[in-house]
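Several structures are given next for inspection.
The same chain A turns up in both complexes below, where it pairs with chain B and then with chain C.
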Partner chain A sequence: MGAGHGHRLHFHGHSPVHRAPAHLKVLGLLAFMLVVVATPREAYAVFAVEAAVLLAVVLLSRVPLTYLLPRMVIEVPFAVFALLVPFISHGPRTEVLGVSVSEPGLVAGVALLVKGSIGVLAALTLAATTEPQDLLRGLQRLRVPDLVVQIMGFMIRYLDVVTAELGRMMTALRSRGCDPRSPRHWPVLARSLGALFIRSYERGERVHLAMLSRGYDGALPQAERR
Partner chain B sequence: MHVPDGFLDAPTSVATGVVAAAAIAVSLRAARRELDDRAAPMAGLVATFVFAAQMINFPVGAGTSGHLMGGALAAVLVGPWTAVLCLSVVLLVQGLLMADGGITALGTNITLIGIVTVAVGWAVFALLRRVLPQRLSVVAPAAAAGAFLSVPVAALVFTGLFAVGGNAPVDLGAVAVTMLGWHTLIGIGEAVVTGLVVASVVATRPDLVHGARPLTAERELVTREVEVA
Partner chain C sequence: MSTPVLDVRGLAFAYPDGHQALFGVDLHVHEGERVALLGPNGAGKTTLVLHLNGILGAASSGHGKGTVTVSGLPVEKQHLKEIRRRVGIVFQDPDDQLFLGTVRQDVAFGPANLGLRGAELDRRVMDALDRVGMADFVDRPPHHLSYGQRRRVAVATVLAMEPEVLVLDEPSSNLDPASRRELAEILRSLDVTVLMVTHDLPYALELCPRSVVLSEGVVVADRRTFDVLTDEQLMSAHRLELPWGFDPRRIDSLPG
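Our next item is the complex of A and B:
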């Protein structure tokens, strides 16, 4: 279950972007996004170049845009804020399509939306082309502390197990007439979460004992590269 | 909930990144004390639990919903240092594998959600536990109070960051009022859910609740004589 192969956003492939070492991809994403964030608000030509670079990487990865674009809905709450900025900002007003908006607000809102969208698409591209195990090895090479990488590894390993367990609890609650979203049923929901915590904690204890019995001494053996 | 790329300018993002890295380095040393060599698997599973708990939305009003941040909850359940590590790892995984929260905003998100909520939640909880009567029944209300305060304080810190490095010419007072108002509402939800979850764990496995440890250590096994009619 979820050990090593793929995760929810992963798109299987063998493109140069898929095969590039994960630590270079993470560094590249970080450097690219720092440049994007540092780009002045009104430098639209620079934004266009940045978007073109990102699109070139996406094309090179052969992950279809029809796969990536629907997954950009994650930024909707933020996009709503960016669209509100022109209305709630101060400064000289200007008319757009017959509506009075703040001029600096409009510039800022557009820049927020562009930077945010480039960020989400770039992060999606990393997620779609990198397997979790490669990402962990990449972080190790970037000298991320070993304990952090190990905790991440365990989280990725048990993510599907624990969320599936929560899903089964929710199904059981619903089939007994409980609506987990309603505050009226929060006591029941909270007891389920308490039970989930105890189960997760005890699973951690069992995993630890199982690892000790297989010779765990605080460091994980290096996984062989497939 | 998560801050995306481009919301704060580059210097502010880098500065919060440094703060986050320093806090994680300190927590790494201290978490070994809280969990000894079990640290990796235990913190990993607790991080997974926090992630799962964050998936549950509750309605805030006006058709929008908030979700649990879990900082105070994790701090009371597993101790503040482990909690910082767990929440930071959750944010790392969300940023790198789920495109949730920008990579340049990772430091900001870890500082706000991973450090501020845990620190405030734990500080309020520890203070109340010291002041209130030394009984197991105070653990859950104290945790709820910590959770309630942790959310608006995180919102205030965000407003402060926005004042320093915000990328939108929005009136700061308005930002502060909206953020505070909104997050007080979310804080109420956070407090109720945190209090109820802690209460249910205290009721069944008080030995697992890190924040209840000074209270459980003093309990003795008592055999009561019962008269059978």
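Our next item is the complex of A and C:
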């Protein structure tokens, strides 16, 4: 993915954030997230500072917020949970907009939502400013075990292939009158996901054979910069 | 005659589940030849191909008999690296062969495993891509290329190892007619020995003067491609069929 086009997360640019070495960005993200997670639930001023730091980095990277925000939908399942917490928690009750909710639950829910949003936005910023290949090299430089880096590389490479395969299977299902979204057809969906797993596994074996055929001996050659 | 590039003698092989795929195969391919390996589905063609560079067979502790020799070097465990340099296999699905981020990295993968670095590696990569007409795509991610372009890059990944014999598994499958013709032109322009597994009989006739027919794990014919394709008894006995309307006898001249 060196060309940087057609990728769903990466936003092409030449800002200082784009140019920063990938391993520093990874370390920065990790440290930032540890601080965010460790922030006490009710230290709202600290959250505000953290959000301001993050926004400053986003502005510096010149990635438009309109690009990042829609991609935050990945957070929705967590957000739903965060919104539920005030209703299902115990403890002293309080009123918000005329609805009685649990006070500790409200605090926990808000903290979860804030920490989650900051985390997702920070991760998206890293993804938007770092090419997947650079990220892998950065991880290599951080001495992440080679095998793990290789596995992540293959994941990036074959994500599109497997998604396309899934898409074709769904089209084939629909062509035969099955609606994969309807719960009535979930058993079929489950079986086709199983088939997808088997196909991906077999592809993995074929890729491995193809690698052995070109002299693979356990270590990928260092990815070289062009 | 000189030492054959590929020399397979009495090769038999059974998979661990007991399924016997090969029953004593003899095959030799000499330098500069282009040979087609024909046969119905399930004849053992792929099994045979995977023996040629020691993925299956004695070299990787299989259940089999017989020997495979590549330019005089037996396919044995201690020679595997050199064997895999000499025998370049292009697999059927280019997505199986192109697994790195850019075309350059993919083509460099083989020669880098051979220990090449720096300028020499670069030269190999560009040279191989030039030979398949894909040099302009060197920094593109493989999955953004068309299927025909990916097939050509897959050929380049193997050419970059400067193999003595190029083994192609179904090179024309899933290609549109123009890509199929372009690949034929590329293969004809390469100065390398070729063994081509295919169901595409007109393609075999066009590219390979000689054909070997494998059926149920044995070689049942080994002669001129034209003679194989016009031997109706042999063809129907081994589930080989020409496309409708194609008659080798009505082709005046074949390309060299």
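To be clear about the criterion, the second predicted complex is superposed on the first by the 198 of 226 C-alpha atoms of A that agree within 3 Å, B and C clash if a C-alpha of one lies under 4 Å from a C-alpha of the other, contacts with A are read in each partner's own complex, and residues count from 1 in each chain.
Throughout what follows, contacts are C-beta pairs under 8 Å (C-beta built on N, C-alpha and C of every residue); 3 or more make two chains touch, one makes a residue touch a chain.
As the structure is a prediction and not an experimental result, all values here were calculated from the model.
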| item | value |
| --- | --- |
| Side-by-side fit of chain B and chain C on chain A, or clash | fit |
| First, second, both or neither for A:Pro132, with chain B first and chain C second | both |
| Chain B versus chain C as contact partner of A:Ala123, first or second or both or neither | first |
| A:Met211 touches, of chain B and chain C: first, second, both or neither? | both |
| Contacts of A:Gly28 with chain B and chain C, given as first, second, both or neither | neither |
| Touching partner for A:Ala38 - first (chain B), second (chain C), both, neither | first |
| When both partners are placed on the shared chain, which of chain B and chain C touches more of chain A | B |
| Chain B versus chain C as contact partner of A:Arg203, first or second or both or neither | both |
| Spatial angle chain C-chain A-chain B, Cα centroids [nearest 10 degrees] | 70 |
| Which superposed partner A:Met152 touches (first chain B, second chain C, both, neither) | first |
| Chain B versus chain C as contact partner of A:Gly13, first or second or both or neither | neither |
| Lowest C-alpha to C-alpha distance for chain C against chain B (Å) | 6 |
| Touching both chain B and chain C, residues of chain A | 132, 153-154, 156-158, 161, 203, 207, 211, 220 |
| Of all residues in chain A, those that touch chain C in their complex | 1-3, 5-6, 132-133, 136, 153-154, 156-158, 160-161, 203, 206-207, 209-217, 220-221, 223-224, 226 |
| For the chain B and chain A complex, residues of the former touching the latter | 1, 4-7, 9-10, 13-14, 24-25, 28, 31-32, 37-49, 51-53, 55-59, 65, 77, 85-86, 88-90, 92-93, 95-100, 102-104, 167-171, 174, 189, 192-193, 195-201, 204-205, 208 |
| For the chain C and chain A complex, residues of the former touching the latter | 50, 53, 55, 81, 84-85, 87-89, 91, 93, 95-97, 99-102, 104-105, 108-110, 112-114, 139-141, 143-144, 157-158, 161 |
| Residue ranges of chain A touching chain B (in the complex, touch as defined) | 7-9, 26, 29-30, 33-34, 36-38, 41, 71, 74-75, 77-78, 85, 88-91, 102, 104-105, 108-109, 111-112, 114-116, 118-120, 122-124, 126-127, 130, 132, 135, 145, 147-148, 150-159, 161-163, 165-166, 180-181, 183, 186-187, 189-191, 193-198, 200-201, 203-205, 207-208, 211, 218, 220 |
